[in-house]
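Common to both upcoming complexes is subunit A, partnered first by subunit B, then by subunit C.
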Partner chain A sequence: MKYVDEFRDGERAAILEREIRALAPRLPRPPGRALQIMEVCGGHTHAIFRYGIEAMLPPELELVHGPGCPVCVLPMGRIDDCVAIAERPEVIFTTFGDAMRVPGSRKSLLQAKGDGADVRMVYSPLDALALARANPEREIVFFALGFETTTPSTALTVLQAEADGIANFSLFCNHITIVPTLRAILEGGDVNIDGFIGPGHVSMVIGTTPYDFIASAYRKPVVVAGFEPLDVLHSIYLLLRQLVEGRCEVENQYARVVPNAGNRTAMAAVERVFETREFFEWRGLGSIDGSGLRMRDAYAAFDAERKFAVPGLRVVDPAACQCGEVLTGAIKPWQCGIFGTACTPEAPLGALMVSSEGACAAYYRYGGVPAAAGARG
Partner chain B sequence: MCLGIPGQIVALDPQHAALATVEVAGVRRAVNIACIVDDEHPPASTLGEWVLVHVGFAMSRIDAGEAALTLALLTELGEAQAEIVAMQQSGPMQ
Partner chain C sequence: MNGVAVHEASRRLGTIHVPSVTLAHGGGGKAMRDLIDDVFVRAFANDHLDVGSDQARFDLAALAQYGERLAFTTDSYVVDPIVFPGGDIGMLAVCGTVNDLAVGGATPLFLTCSVIIEEGLRVDTLRTIATSMAVAALRAGVCIVTGDTKVVERGACDKLFINTAGIGVIPAGIALDIGTVRPGDVLIVNGYLGDHGATILAARGDLAIDAPIESDCAPLGDLIAALLRAAPRTRFIRDATRGGVASVLNEIAVASGIAIEIDESETPLRAPVKGFCEILGLDPLYLANEGKIVAAVPPDQADAALDALRAHPLGYDACAIGRAWAGEAGRVTMRTTFGGTRIVDMLVGEQLPRIC
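Up next, the complex of A and B:
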């Protein structure tokens, strides 16, 4: 109840909390473990910590903070590739601010900038394209990252570059997709997720039908959720009701933004520019089949991976890092050996500490560490 | 990046049908509106509407109440200011 006063509609929050607690005794009880619900999206993770939602839930229920923070799951090798491209004298390397501090094996983009590389933060890929127009003698590379939420924006930017005949613009494509990742989590041997809080803004683009297999083939409920704390609570309530009633369906709690069919224009642009990679390496999760996108041959001229030789090396995460175990719910962030000591938001070692949407950074910032176990006391 | 930010479409770009000026908390910048227009909703119909903007692209129409709630949420999460500053610094009006 610590934060319930901060809800914009405290009364509704209190009702939902009561309803959730009333459902608790009727929930299925998996032997030897708590019932686990995974919030897939880092935006939800952030809201859950900011509003203390875990503390409002009955002890029978555990939230697992999923892989849906695109900055957090970038492997070190890809950052090394970024740095290698950025250090070329002809290149202006552009990136969202979130990716600046992600550690590579040699350095982060921020350190590369400090060492003289021309790395610039942009708000939008359109701004990178504007830089290409303004600097015809330089090569402008945009670090394209993110799930389906941001993929349409880079696809549309490439189509714009093509239409305008801009030859000194390219993408270093690191876009990833959520559905193969959820499938990998469901197939994982030691992971037991009983239901999913589905990502809101990914679903705004792809719709809700891509999750149908989770309900039909894996018999797990999914509720696509908005980002208001009340949305998250409401979605947990809807999931628990499905579990109590033995239903497995895909429900859309965020229908005010998410059409069940998704956004056709956005999906068509993505389809035109990108194709699926055989596999993509994730930090902490390893390689996942079909989970990454690359540029189609027709757009090879805009593909930084083909334009510049990138090292493309696979770099193992630091041995002390337990990001993978946190991402799959095997341990809580504060159970990692270096949480809050060798790894802090100011000097992150693991990717989950870098972004405000990473589970470790959220735990660190908002507490949530049991007093007896907390590295921060 | 992932949460987006709400803004209001305050002007259309006569030169580019896919571009419009969006005002976010007093900051104006050019935003691509290709994903929220179709035959039934031509660009002219978007003037005055509220949209959710992700990295310079309007991705969803929302109502004014939803926009206000979302902005309040982003402010509390500490995400609004960074987003607005990034918009301001890197997205000069065309």
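Up next, the complex of A and C:
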């Protein structure tokens, strides 16, 4: 298939694999540990597992699967709020498919649907708006989640609803931003990330300049990467080149999609509808300052949090979960005490087992490395 | 159909004069008789159906000429939408049950047809579906011999549910068994994968994706008979319906205590299905098929099996997608075109499109 097969070409992959292995002996050797590269985005994690990329890398190098899976980092309390809204008789609750199975403290949206709540899977916030038009007697709530990748489409949908005078549509806003979270990870205690594979589609919106501080203040290289397997492999190569040459720069491997300045129109729409929350709770990582968005007062009429009294209770992550340590690279998924036993994709306890982009689910499903396979045994 | 409505051949068939089905058509009276006559009996007409009794009856000696064991199966069909590119729920209800018989090596012979109709369904829609059941039965060489009709209130079912049960006869000497696949055996599919699943997802209309895809729904009895003639030591065959080829391979690997490795570059996918899956973040290996089998064949008969399949119109694009080997029992892996290897696991629930 055109524009897909070119980026999955085995021969080109073999060339990159050789180049990466050739760089390996010249890489800096941090004492007592492997060199760690974090891929921030869940989409990259997915590609790494789906195409078996870890097995192509030299043993000196370790990939850390970062916090960029918006479904995984949703805290239980927010899912409880979703369920509470969805269970109101007047509400049609709309959501992206992969949020359906995320466990709340009582139940998931899938279970709520089974129990009679009107929960519908949509593929775009505009589908939810169309439902609002078609069902004027019902309240349509869209479960808005995701990083900067999805925020502009939500913002534009709200602006469309405002322009069309649609009063029975609102958002349950859980949009989050990646930069404060990267900062929190870099400032965290025993974190040893040596370089970052930067988000691709987030950067399509915000550009590459927001990552400059990682290179300048923290002296870590960043390569913004596409999501095809060759993109990922190429980005790893570019990162290793920087490490070998002692450079710390923000490079753009995904220039075919990501303009360095981002998309100003999209950012303006986001700016108009949303503002930064003081803090937002992340599953596995805890509360992070300035990492979430809420609706501005001017759009209060479209804010489900204000329209419906949501419980808004904080639910602590299960004590046995070590998601936070996995997310920051302190341990590997299979080193978690409950990986594959109390926590499986069928009955996920921890956030990272929930979505196919979660590192634990990916290890469990694709068993990318022998160690993980052994742990599953 | 349904006891009261199995008909004497000579009786004049009733006619329905209203445009849509009402609860009166499920009441057991004349309205129901007219509906059954006009829609089903007219479409299905055959010697076994037109007997005035509560059940279809068969001569055992006549059955025995087909083989020595009876195969009996049932399946319910609730597909939404009920009409889709390449078929409809009626065609599916015949092909699905016929294929469940055929994959066991049976010659499919007789089907039942029970329908649960939501009030308000248009009679001409029902007629179209009954006609396509009749056409599919003719293609499959089976007779629909008895059935039942229920009408339920709006909301109690979704337009139309169909259950079909089927009887077939297994010829002597055929013993297909999921637990008999050995290292070295070749895994074969009879053509492009995922067409049905992608078609249904696209036809639901909420994706706004207009893809030139059609369901592969087809009766496979004839194809499977040809395969078994050419490769009589075939170990096992299963139709790759819900859960797709990935689920069948996992079931085989577990039951036979072997590992299976498939090769992505040998996995036949149509470009539109591939593109559809790319956009939605779905894995085509898990998409449903309604006209595809996975067959496990010993290596020395693999070429004969492929030749026989490719000589048949429903197996023209047959491929050997992988092999069983003596690895970790129950594990299915895929060599990616990229040069890596990944695990092809059982799916937990339904595949859900990814957010980004």
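Assume the second predicted complex is superposed on the first by the 363 of 377 C-alpha atoms of A that agree within 3 Å, B and C clash if a C-alpha of one lies under 4 Å from a C-alpha of the other, contacts with A are read in each partner's own complex, and residues count from 1 in each chain.
One rule holds for everything that comes next: contacts are C-beta pairs under 8 Å (C-beta built on N, C-alpha and C of every residue); 3 or more make two chains touch, one makes a residue touch a chain.
Note that the coordinates shown come from a computational prediction; the quantities given were computed from them, not determined experimentally.
Considered on the superposed subunit A, subunit B and subunit C are sterically incompatible, since they clash.
Touch criterion met: A:A55 reaches subunit C, while subunit B stays clear of it. In the superposed model, A:P70 makes contact with both subunit B and subunit C. When both complexes are overlaid on chain A, the residue A:G340 reaches neither subunit B nor subunit C. In the superposition on chain A, A:L156 makes contact with subunit B only, not with subunit C.
By the touch criterion stated above, A:P210 is placed in contact with neither subunit B nor subunit C.
When the two structures are aligned on the shared chain, A:V122 is found in touch with subunit B and with subunit C.
When both complexes are overlaid on chain A, the residue A:G146 reaches subunit B and subunit C alike. Shared-chain residue A:G284: touches no atom of subunit B or subunit C. Contact with subunit B, but none with subunit C, is seen for A:N263 once the two complexes are overlaid on the shared chain. Clashing C-alpha atoms between subunit C and subunit B appear in just one of the listed stretches 9-17, 207-215, 261-269 or 297-305, and that stretch is 207-215.
Residue overlap on subunit A between the subunit B contacts of one complex and the subunit C contacts of the other covers 8, 43, 46, 50, 70, 96-98, 121-123, 127, 146-147, 149-150, 201, 229, 356-357. Those residues of subunit C that touch subunit A in the shared complex are 206-208, 271, 274-275, 278, 280, 328, 336-343, 345, 348-349, 352-356. On subunit B, the positions that touch subunit A within their shared complex are 1-4, 18, 30, 32, 34-35, 37-38, 52, 54-57, 59-60, 62-63, 66, 69-70, 72-73, 76-79, 82-83, 86-87, 89-91, 94. Against subunit B, the residues of subunit A that register as touching in their complex are 6, 8, 41-43, 46-47, 50, 69-70, 96-98, 120-127, 130, 146-147, 149-150, 152-153, 156, 201, 204-205, 227-229, 256-257, 263-266, 269, 356-357. If you check the complex, the residues on subunit A that touch subunit C are 1, 4-5, 8-10, 13-14, 17, 43, 46, 49-53, 55-56, 70-71, 96-101, 110, 121-123, 127, 145-147, 149-150, 201, 229-230, 345-346, 355-357, 364-368, 373.
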